[in-house]
Amino acid sequence: MIGEIVAALPLKPIVAVLAIPACAAALLALLPGYRLTAALNVLAGLLTLVAALSLLVERPAPGSYFFVDDLNIVFIVLGTFVGFTTSVFSASYIGHEIEIGRLTAVNLRFYHAMYQALMFAMNLALTANNIGLMWVAIELATLTTVLMVGIYRTHEALEAAWKYFILGSVGIALALFGTILVYMTARPVVGEGYDAMVWTLLVSRAPDFAPELLNVAFIFLMLGYGTKVGLAPLHAWLPDAHAEGPTPISAVLSGLLLNVALYAVLRFKILLAANPATIAPGPLMVVLGLLSVIFAGFMLYQRRDIKRLFAYSSIEHMGLIAFAFGMGGPVANFAGLLHMTMHSLTKSAIFFAIGHIAQVKGTQKLAEIRGITETHPLLGWGLVVGVAAIAGLPPAGVFTSEFLIISSTFARNPALAALLAFGLLIAFGALLLRLSQVAFGEPLGGKAPVEASYVPLIAHLSLVLAAGVFLPGPLVRWFQNVAGMLN
Amino acid sequence: MVQFSLDFAHLLAGGLVLISFMLLYQDRMFGLLNVFALHAVVLSLSVSWQAYVQDAPHLYITAAIALGLKAILIPIALHRVVVRLGIHREIETVGGIGLTMLAGMGLVALSMVVMLRVTGAADPLAREDLAFALSVILLGLLMMVTRRNAVSQIIGFMSLENGLILAATGAKGMPLVVEISVAFSVLVALIVIGVFLFRIRERFDSVDIEALDEVRGDRS
Amino acid sequence: MDLMLELAIQGVQMAIVLTAAPLLLGFTRAVRARLLSRQGPPLLQPYRDLARLLRKEVVLAENASWLFRSAPYMVLAATWVAASVVPTFATGLYFSWTADLIAITALLGSARFFMALVAMDVGTSFGGIGASREMMFATLAEPAMLMIFFTVALVAGSTELSYVANFMLTHASLRVSLGLALFALIIVALAENARIPVDNPATHLELTMVHEAMVLEYSGRHLAVIELAAALKLLLYISLIVCIFFPWGIAPHGAGPIGYALGVFAYLSKATVAAVLMVLFETSIAKMRVFRVPEFLGVALMLGLLGILLRFMSRSF
Amino acid sequence: MALHLAQWCILALAFVAIGAVVAPSSPRTIRTFYAACAAISIVVLALAARHLLTQAPAETSRLPIGLPWIGARLRIDAISAFFQLIVNFGGFAASLYAIGYGVDEESPKRVLPFYAIFLAGMNLVLIADDAFTFLASWEFMSLSSWALVVSRHRDRENVQAGYVYLLMAAFGTFALLLVFGLLAGADGHYGFSAMRSASHASGLAGAAMVLALVATGSKAGLAPLHVWLPLAHPAAPSHVSALMSGVMTKVAIYGFVRIVFDLLGQPAWWWGLVVLAIGGATATLGVLYAMFERDLKRMLAYSTVENVGVVFVGLGLALAFKTNGMGSAAALAFTAAVFHALNHSLFKSLLFFGAGAVLHGTGERDIEKLGGLIHTMPQTAFVFLGGCLAISALPPLNGFASEWLLFQGILLSPDVPQWGLKLAIPAIGALLALAAALAGACFVRAYGVAFLGRPRSECASGAHEVDLFSRGAMFLLLAACVLTGILPGLVIDAAAPVTIAAVGESMPRQVSQSWLNIVPIAASRSSYNGLLVMAFIAFTTIVAVRAIHKFASDRLRRAPAWDCGFPNADPATQYTAASFAQPIGRVFGETVFRTREKVDMPAPGALRPARLVLSMRDPIWDAIYARIHGAVDYVSGRLNVLQFLTIRLYLSLVFAVLIALLLAVSIWT
């Protein structure tokens, strides 16, 4: 029934997923006015989400440019969902920014266009069946976010954008070299030309590839895309980019862009796994992941800026996810996917909350924010729930995934599990320390009521909480299937 | 003929590595810009040779971009930046030039070891071409991390990128090469514009980080 | 009928300890006076004192609470119950299994608990001093006592005093651990009964008081009850030492009237000897500073612990 | 049946929580909500009691929630049922107390929902039958109680206390996670039934035991993981403090029993030694801390540390006996432990309720500012006295009964063959005796200073008695303390199935003993009869009172205190709590707390007062937590440099990683 409806649509879902944001970006670049554009932005987000969801129903056959499989559809649905909810949040957030004059009308037009361009780039990266195309898409996504991070034009924002730009460029260069190497590896087997970059062909022929070249390729790809993922010590751009840009962008960065980069890494991990003679990519991911978790855990203690705090928390969680995928195996892969989903939802929810909090308090400094649960109960408790969830307390889904990651690791390598637990504990301590200062105590800072859109916040958090209590069977099977692919 | 084309390609790639060393050796700003222009010219030659050998005319576009943009436009632009912003004419290095040269030798050796281990399946052209390309890339990165001036860092990045183009054009039949080289040129242009716009005079680090962090409140 | 008899014997025990306690006190005072070459009070003076106190009016501090008025009875009851389960003249008393050595310690602890509490009730500084010092002593004396009892129980294989006494009678032999326990128990007994060298019941210097400081605010019948309880406690300790370490002549269960009479006689003579020894010790030693007492009691605790450890090491100790 | 209903009850508690969020907070609704909690607790209590008394077989069920391919497995067996008894009796009493007490809460919405969830979480831990459900509900319990701790968040100290608490809870959870990781094995058998039937390698089981001790000990308050208790327990509203201290610590003990006695199988001999040593140290250290504490509720929390230590000594003994196949001795020690756990839940709840009443009546927790409450709050004073007697292990109340059993267990231990245990157990016994004596001193001090004497401040003199419900709850608990004290046999028999489940044997049936004696092994070894002791005391008291009143003068005159002829009207001349503790401090404090007294004596003729300055250091905080804090600070400070590098240096980092990896791949073959 639904399948028929989808089939009858004028646009194929896969096209729609790309075309809607692309057209919206072009349109939004032209249209003036705040209310209309914000609404259009939300509408485009919604339509993209619908298109992505219909991909679930009707999955196109893999073409030479685009393809959809069990793995990338997770990312697409998650990405479009977070993109949509963030656009809702963005509408109220940006409204306030316009009011206080932090953003001008021109900025706004630019902002909305870039927002949809980013959506387009990410969807492109996710659906691309060509490693070169994927690379181009990720570079595009990076560039759009660089521009958005710098949108406030303050000294700090420009500096953050600059840092992001330079480090991102080097990362992108390394990734390109890796991509070229993969092509070189594939060429003797698959043949010259376009085919040697088509993902589905690469995987099917991978066992015949020269393993040495593939190893070197993976190192470059891991470092290149790993920079985007924000793994320590390649993370440097991430905290500042999160802290200085508009909060919706922080939410999108943490909730989406990091995932897209991770997706790229996973793709190449699959490629390597298909060739038994190559090095196991797992240990590299495990080491970088563990390093990120512990490093970010310690860094959290010294943070004075609320958004930078949660940016470091993103590093920690991306580390954890990389760790899980690096460990591999059905349980850890499942947990990694689940964790990625939960992290996206939770972290963007946290950014929704702190976006409004920072607006109402007029500051991002942790020391100047106190007792939000008193002055703004809904925001405050939303933040408490979000942070508790991200810190891995039940009944949030993050708890489930952390449980699976640690306990499954422990059976295989107790020392690693203990180290991971140590890192998580360190991070937990820091997050809760800051949370209890911000959420409780004698209220400090603005007490004015806030015109916030609570819907995205509540929607994300309830999804996360529900996932901790109950994961629906189809979802579990789907994730298990993907976990099998990643092995 | 095949052997000759290979040898010539190797000669050009090897020349690129050599010029990368020359870049490392420079301690004067203008000298650096000139050597970089030479770097771009050699790259352009190499790309053209590949276009000819592989009979891939679209690669001439890439060669043209390399020549026009990197060998001429950007050096001139940077020249003006240096003059306009009154940037020091001397290049500040970390660890001294001799040491960076030694490190560069090590890097070349490393890339040879890494790439020459790749045996059998890959054809020798690709293998040796890649070894040179990797050397150029690593030397470019080395330059970025051992030079304190923003301009020399940009040049490091561009030489890194030249290495990438070298690798991409050497990879016979690789699609999207032109697009990629265009995309990279845009990136480089943006960086140069960034330097110009943000008045990053001396170094990428010259933005007073300490003072900034006070503002951000990330330092107690 | 049997039950009635058993109950009667238990009743006799309770009556004996209660009536003999002041006598014992009077006896120790008389002996002490003799040793100091004084005339000394008559033997029955404690009874007269009690009677006099009972006749007097009670002067109650204005803010004394109900606890202050009821505590003396609680103290007496706890001490009396403890004293009545310690075999004096006969073992196997009907209710002897109600409370064993550990429970006796705890009952004495209850008495002390109330005593120390009411010392703080009126809110004077001397009461507080007394209570505080008493509890400090107790923190060492009580574990010491438990350790001693553990040693004994491990030797005898039981914490029931009747069994212990029977065991000591039948398996009597010299054991190191028992010697340590005896020595420690004497130290504890001196401390617990406010005897020299730990405390001086006859002191008039408030700052050195411990027990007396606690009861400063009492008068009349309340004081009488407390005095009686104190005398009872002294008797209890002497009975304990005698029962555990020198159970000779104690009447076995169901010994018949003559056996019980002999038991009473034996008990009284042993108690006399013990009292004399105690007074001898007291008169030959000086009172120590308050903060020397913990060390003194610490010795008891260590001895008790040593006793157990030896016992754990080998059955033959 | 029991399990099914228990599930519904937990769900009902969740609905109460939701209702509490939604409903307006008028005193009426607050009362209704607490009444609902009380009713639900009573239902679970009744179910558990039935399960235990009928010795029903274990019930299991499986809900399709939680971890996907395992589901939430639930199970009620004797161990669960016994602890359900503890939890829900405490829950019932606390809810009853709160019907009156909770109305005056300044922000009820910060308490009510979490209160219900807290109860639900504790109940869920007890019936969880797989690692995930167990951990999730365990964390749930921590999280909700954390929210309760920070419910009075305007006070900075409370928030900090909550922070320390949650951090320790997380630490415990990670340790538990590792335990379950160990037990589940590589294939991820997270169900308890699989863990129970699997045979664990001895080294692995030993590691799991240590981790379980750390995990549950951090929740129960074993030294040196106890630091959060005295911070967090007092910070919550008093009925919650009672639950946390009296009940939640028991859930932690349940966790230990479940993992070590039930899941791990046969113990190794050194397990007992470790548990005994930590238990003994905890008991002594806890009460020493309590001795010097001037905050009434903190004092109670420290006393909880002591009692938890006592329970763990019992468990350690049981382990030691179990290793050596001494079934009846293990049963005795284990019974003593769970009996003491039950007792502690009763009297500690009672005491916290009392402290809450004092706080309510005077607004003060500092005992140095109290005094004379026996006049203004006579009923509270009465029940608090009962609680003090019980916790000081004085007969005939319940605290004594369980300590007596424990001492009997220690007396059985010369038969243990291992030398380590032989040497340790007497020392532990001495520590336990010391702890008991110190507890007595500690509660004399607390009661004497807070309730007796003269009021030391205006808030103390203006105190007023608490409401009917609160008093009712306290009297209920006092009655329970007396009942379990004089009829310990009933509890021992009720605990028999638990003992069988944990150590394989049980104590002989007690109810059939003549005169309701309790006889752990044989009448010739030892026996105790709380009922008769009670009767004896009553009898002798009556005799004494009757006799005195018959023969003595009954004249009575009120007069100013005599005080050796120097009465001073100023309440400040009374002995303070600090001065009370000072002699004990001199004896024990110098070694443990490095107490230093400094007398600042003015020169002769100077008019300023002399001062005595007492300094104390917390050895555990200094040795462990201060260092960890310092280390984290140091490391994070050092690493923080990485936030402020230049772009060039960041690039160098990337470069270095690249080179390292390339080197690695070139060396790798």
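In order of appearance the chains are A, B, C and D, and numbering begins at 1 in each one.
Convention: a residue touches a chain if its C-beta (ideal position, glycine included) is under 8 Å from a C-beta of that chain, and two chains touch if they have at least 3 such contacts.
Computed from a predicted structure; not experimentally measured.
Chemist: Could you pull out the chain whose C-alpha mean position is farthest off from that of chain A?
Modeler: When every chain centre is compared against chain A, the largest gap points to C.
Chemist: Where the centre of all protein Cα atoms falls, which chain's Cα centre is nearest to that point?
Modeler: Smallest offset from the overall C-alpha mean is found for D.
Chemist: Comparing A-D against A-B, which pair counts more contacting C-beta pairs?
Modeler: The comparison resolves to A-D.
Chemist: From the C-alpha centre of chain B to that of chain C, how far is it in Å?
Modeler: Their C-alpha centroids are separated by 98 Å.
Chemist: What whole-number Å value describes the gap between the mean CA coordinates of chain A and chain B?
Modeler: Each chain reduced to its C-alpha mean, chain A and chain B end up 31 Å apart.
Chemist: Could you tell me the distance, in whole angstrom, between the mean C-alpha positions of chain A and chain D?
Modeler: 44
Chemist: Determine the centre-to-centre distance between chain C and chain D, using the mean Cα coordinates as centres, and give it in whole Å.
Modeler: Centres of chain C and chain D (C-alpha means) sit 35 Å apart.
Chemist: Two-or-more-chain contact residues of chain C, please, as numbers and ranges.
Modeler: Nothing qualifies.
Chemist: Which positions in chain D touch two or more other chains at once?
Modeler: Answer for chain D, listing residues that touch two or more other chains: 643, 647, 651, 658, 662, 665.
Chemist: Multi-chain contacts only, two chains or more: what residues does chain B have there?
Modeler: In chain B, the residues touching two or more other chains are 114, 117, 141, 144, 204, 218-219.
Chemist: Name the touching chain pairs, please: which are they?
Modeler: The list of touching pairs comes to A-B, A-D, B-D, C-D.
Chemist: Can you tell me which positions in chain A touch chain B when the two form their complex?
Modeler: 132-133, 135-136, 139, 143, 155-156, 158-159, 162, 165-166, 169-170, 172-173, 176-177, 180-181, 183-185, 187-189, 192-194, 196-197, 208-210, 212-213, 216, 243, 302-305, 308, 364-365, 367
Chemist: Could you pull out which chain C residues touch chain D in their complex?
Modeler: So the residues of chain C touching chain D come out as 14, 54-63, 65-67, 73-74, 76-78, 80-81, 84, 95, 97-100, 102-103, 106-107, 109-110, 112-113, 116-129, 131-133, 135-136, 138-143, 146-147, 150, 153-154, 157-160, 163, 206, 216-217, 220-221, 224-225, 290-291, 294, 301, 304-305, 308-309, 311-313, 315.
Chemist: Which bits of chain A are touching chain D when the two form their complex?
Modeler: Touching chain D: residues 162-163, 166-167, 170-171, 174, 215-216, 219-220, 222-223, 227, 233-234, 236-237, 239, 279, 284, 295, 298-302, 331, 371, 373-374, 388, 391-395, 399-400, 403-404, 406-412, 414, 417-418, 421, 424-426, 428-429, 432-433, 436-437, 439-442, 468-471, 473, 476 of chain A.
Chemist: In their shared complex, at which residues does chain D touch chain C?
Modeler: Listed in rising order, the residues of chain D that touch chain C are 371-372, 374-375, 378, 381, 385, 388-389, 392-395, 400, 404, 407-408, 410-411, 413-414, 422-423, 425-427, 429-430, 433-434, 436-438, 440-441, 443-445, 447-449, 452-454, 517, 523-529, 532-533, 536-537, 540-541, 544-545, 548, 551-564, 567-568, 571, 573-576, 579-584, 586-588.
Chemist: Using the touch definition from the top, list the residues of chain D that touch chain A in their complex.
Modeler: Per the stated touch rule, the residues are 64-69, 131-132, 135-137, 139-140, 142-143, 150, 153-154, 156, 159-160, 162-163, 166-167, 170-171, 174, 177-178, 180-182, 184-188, 190, 632-633, 635-637, 639-640, 642-643, 645, 647, 650-651, 653-654, 657-658, 661-662, 665, 668.
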